[in-house]
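Shared between the two complexes below is subunit A, which has subunit B as its partner in the first and subunit C in the second.
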Partner chain A sequence: QKVSVEVLDHLEHLALVDFRNSEGVERLQKAIQFADQLHEINTDGVEPMDSVLEDRWCLYLREDDVTEGNCTKELLENAREKVEEYFVAPPGNIPLPKLEERETFLQGS
Partner chain B sequence: LPLKGGLRSQVSAALKEGRVTPTELCQRCLALIKSTKFLNAYITVAEETALKQAEESEERYKKGQPLGILDGIPIAVKDNFNTTGIETTCASNMLKGYISPYNATVVQKLLDQGAVLLGKTNLDEFAMGSGSTDGVFGPVRNPWSYSKQYKKKSVPKSRSESEESNWVITGGSSGGSAAAVSSFTCFAALGSDTGGSTRNPAAHCGVVGLKPTYGLISRHGLIPLVNSMDVPGILTRCVDDAAVLLGSLAGHDPKDSTTIQDDFMPFELPNLTDVSKLSIGIPKEYHAPGLSSEILSLWSKAADLFKNAGAKVVEVSLPHTRYSIVCYHVLCTAEVASNMARFDGLEYGHRSDMKESTEIMYAATRREGFNDVVRGRILSGNYFLLKQNYEKYFVKAQKVRRLIANDFVKVFRSGVDILLTPTTLSDAAPYMEFIQEDNRTRSAQDDILTQAANMAGLPAINVPTALSKRGLPVGLQFIGRSFQEKQLLTVAKWFEKQVQFPMIQLEEVKRHDSGVFQHQKFFSFS
Partner chain C sequence: MAARGCGGVWRRARQRSAGGPGPGPAPSPRGQRAVACNSRGGAVPAGKSGLAPWIPVVGLEIHAQISSNSKLFSGSQVQFAAPPNSLVSFFDASLPGTLPVLNRRCVEAAVMTGLALNCSINKKSLFDRKHYFYADLPAGYQITQQRVPIAVNGSLSYSLCTDNKMSQMVTKTVRIKQIQLEQDSGKSLHDDTRSQTLVDLNRAGVGLMEVVMEPDMCCGEEAAAAVRELQLILQTLGSSQAVMAEGQLRVDANVSVHHPGEPYGVRTEVKNINSIRFLAKAVDYEIQRQIEELENGGKILNETRAFDSKLGCTVPMRDKEAKQDYRFMPEPNLPPLILYDAKSLPANMNHQQVINIDWIHKRLPDLPSVKREKLVEQYGILPEHSFTLLNEDGLAEFFESVVKQTQMKPKKVIGWILNDLLSYLKQHSLTVEESPVSSFLLADLLNLLERNKISSTAAKLVLAELWKGEGKTPLEIVKEQKLELLQDQKELEQICQAVIDGQENEVIMMVPG
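And now, the complex of A and B:
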């Protein structure tokens, strides 16, 4: 069962990563096929496992004391675009262009 | 001579007695790194800072106040651990030029004990792969490709061709670290292990590769792949050294909420002589399709070794083994999709010049920064996490994970102390052969014996066992109970002593650059 172009487009939007070429799409198809083997297993009554440490109660609330910070300079060092203490982003709230309008391999499908 | 000694037994003594100094050790390692550059094990060599650390260590030894066994010991760190002031690339264009503002906890711990950080080692891009062939800095070459043992057994096509086309992979993804330890350029190296990434290259490079119990060693500063499975891995030349490293790294870290809070007591390994109280389990499902007859035979011999020494050796069953790779595939890609979302060009790493909108910039940055393997896993992961697929794939995989973890619990409850399995399906493949299949296929094949331990969070170790008929290392894997590293390593050490794995005999190497014959500088080992 092939993945529809709509879903592929949707994935490119969600992941903000492109399929690049037919190999990319084929790769996904194979990955799904591989994963489908999971359905052979009977998991009735089995709880999903989030963490192998579920019995050990790792998570705890620590005291609300400031233990680190004041590293603005270091954190800004690795950013390419910045102004004073701000990371600069291009304009937001502009959705990624629709399939027909953006440069994507999927257009040909 | 100290270049080949055990840390606790030989090197530490030599340093304390002044028979060798930290700067000498550091300089020798740096020289060796230069002369083995063709292995491509290192991405960054931090020569200046290493020498400075060595000098500081030397001062401490002169005063008779070394910080511990690791003081002055040259180590290497996989390039997916943050290291202050040193580039951390994860072998990806996405992080080229990224200079970490902080040290990963494990790196900090090593430095606090006086270890000398020689540099960052090569890997598959973002630790995704089982060959250390898919990073932007090129593949890592297995030092054994240049060993007398391998050359003796390989059929040269022609003298000029032999080295260039015959070299074998290190395995991965911590191939650079494994190669660095195997070629004596450092005494120990940090790797990471999510599906076998420390044990696999350890097996192919003939070194000890330890995957600790999940939750024992801090992941703070290890650029995450799969938060629920990643662990820092330890690569050394002998089991005793792995115990030393473990002792200095394990323990609760307030910066990593997935580390257990129990106190960790570093230990020295006893010299086990009596194995009669031990019960070794041989999981029959690990006789996986594709397992080479050589390794099968070695595994069987190892089982006999224990039996003849008086241990109880029993066949056991881990029935869900054959599904663990599928389960891993889903959980891994799902967590990767989430973890890779942080790379958007805004705060660090590569940033695209496209600037029409945030989304366009993000998409272009990620398009430019990630290789096919990474992008493929992100897209697959996002697919499995779609609303219509979440229950069917992600939650289903989480349920299967519990079944896999329970398989181990049942076996350990039945009285088995340690499991003995192969680590890899075969010895290291020639690079030219390895790249015939794509990364995902290779990973699925190669991870099959190692990743169930990651699913269950159990400690596991590769111990180099013997040379294959091609003259390459083959290792066997021991899997232990959660947080029972002492028992695991004690048994591993006993086994190591029995098998007496041979030392690599690295030869002079003639390098031929593409088409043009050039004789490069040689290195030699005393």
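And now, the complex of A and C:
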């Protein structure tokens, strides 16, 4: 079962991945096939597992104290562009152009 | 024109054409956006001649910022105004290698709120990731509770007045689908001149309670009343300060319309609603817009629209793609949240790691509905009165304080509080806290009235003087303006005689003091 071009295009939009070439798509299809093996097991009435530790994996509850923050300078060191202690980003999401409008091998498929 | 109560059915007014169902009230002028449904399901503002009635359906998604010192999954501070990016930890900035650590106080706030809204608290709830790209969401996903939230299946009761005089109140209920814990995003400041967005992550990671209300409401007024009651409840619990102006309470409305007996129509989501008043306007506008669109043969798009408060209308939102796919997945860094009650309390666990639902339940304060009943019972005032007392911050306390300090009966005091004090405060846009007339001064004045030292007309004059806040006592003002009621019979007779003598041709009525 092949993954359709629509789905591949949808994935590229959602996750901003680039399948780049037929090899990338093939890798995806193999990964799906591998995961599909899970369907061979009957899990009726079985609760999904969160962790192998089961109920020994306790969620730690932290006290409501202020213990972090106040490191503006350090954080801004990672910013390519900044304006007066604000991070700078483009005006909005720049969506991936539609399939017909961008250069991708998916068009050929 | 605001609606008073909702019959749930909107009917287009009939124009003069053949046939059609019974009469309704006269059509309202074109272009009016307000709801005009009444409790008997009357007519809706006119447009083209319509046939079948419309049923508007309104659901709400409310995000309440949790009142806590630190954030939901990190130890950075929660504070409204602070230098940009000063309240941000490495986790909030989504730097690699950081992990979420759940704040106990946020869980307690959600449990309190769930209990106050009659929800079932899920003893085991789960965290998930909701993925989408936006500059103020550094991780590219929000940690939320999509599969199993902390509380489900509750209800909220609220009151509406069925007429303009507030003399008839009706109680309505809206079902609460669920309450979930989730992270807030940072703030984006759009700089259109330089075509860029400035991002401040101070708010990123602050704890939110999302309260999802089922679509049980049918107009702007119901939505507004429900949100107002929720706001009062949250403030009473202290789980959120719920101040809309500071973004601590955000409301998105889901609106659709359909004909009776038919399936629900396509719904739109309305965002950018910044006050309870605008909520009512936005919902009513959207209902009206959808009805007109459909009656003109158009279609409703399943889209997100923003409310423009200046124009009083909703507009399609830019930057919102048609169908978002959030690719929910379990949050791999957080195990299930387990809550306990008296029965299931574990024996050998550190107290600090245990949250006991029953313990929290016992310590819930009186909710607004209970406080209102107590006021009615204790002071013999009307339900509408106690509604207004609780609706105004500090007014109920002011009223009780005056009652304590005066011999005047509470039933009489309430008139002075609601008619005189409150209208003055409203006229001058003051809060109860800012009142130039303290409860002590008002009680002092009412005592003079109660002891027949002055008439009620005089009392109003004294009150007008007290508003000036010049520091004079009621007694001083009475003496200054000679407002005392004369008790001496002889003195009264002398004055009457003198007046009559001076005005022989006029009839004067004197009311004895």
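Throughout what follows, the second predicted complex is superposed on the first by the 100 of 109 C-alpha atoms of A that agree within 3 Å, B and C clash if a C-alpha of one lies under 4 Å from a C-alpha of the other, contacts with A are read in each partner's own complex, and residues count from 1 in each chain.
By definition in this document, a residue touches a chain if its C-beta (ideal position, glycine included) is under 8 Å from a C-beta of that chain, and two chains touch if they have at least 3 such contacts.
No experiment lies behind these values; they were computed from the predicted model shown.
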| item | value |
| --- | --- |
| Partner chain in contact with A:14 - subunit B first, subunit C second, else both or neither | both |
| Which of subunit B and subunit C A:75 touches, first, second, both or neither | both |
| Partner chain in contact with A:64 - subunit B first, subunit C second, else both or neither | second |
| Which superposed partner A:86 touches (first subunit B, second subunit C, both, neither) | second |
| Touched partner set for A:30, first subunit B, second subunit C, both or neither | first |
| First (subunit B), second (subunit C), both or neither touched by A:95 | both |
| Chain touching more of subunit A, residue-wise (subunit B, subunit C) | B |
| Touching both subunit B and subunit C, residues of subunit A | 10, 14-16, 50-51, 53, 58-60, 62, 71, 75, 78, 87, 89-92, 95 |
| Subunit C residues within the subunit A interface of the complex | 68-70, 74-77, 83-91, 93, 95, 101-107, 126, 131, 133-135, 188-192, 195-201, 318-319, 321, 325, 327, 330, 334-338, 352-353, 355 |
| Complex contact set, residues of subunit B against subunit A | 98-99, 101-102, 214-215, 228, 254, 257-261, 320, 323, 326-327, 329-330, 333, 337, 344-349, 351, 355-363, 366-367, 370, 372, 375-376, 378-380, 382-384, 386, 392-393, 395-403, 405, 438, 440, 444, 455-457, 482 |
| List of subunit A residues in touch with subunit B within their complex | 3, 7, 10-12, 14-20, 23-24, 27-28, 30-32, 34-35, 37-41, 43, 46-53, 56, 58-60, 62, 71, 74-75, 77-81, 87, 89-92, 94-97 |
| Contact footprint of subunit C on subunit A as seen in their complex | 10, 14-16, 50-51, 53, 57-72, 75-76, 78, 83-93, 95 |
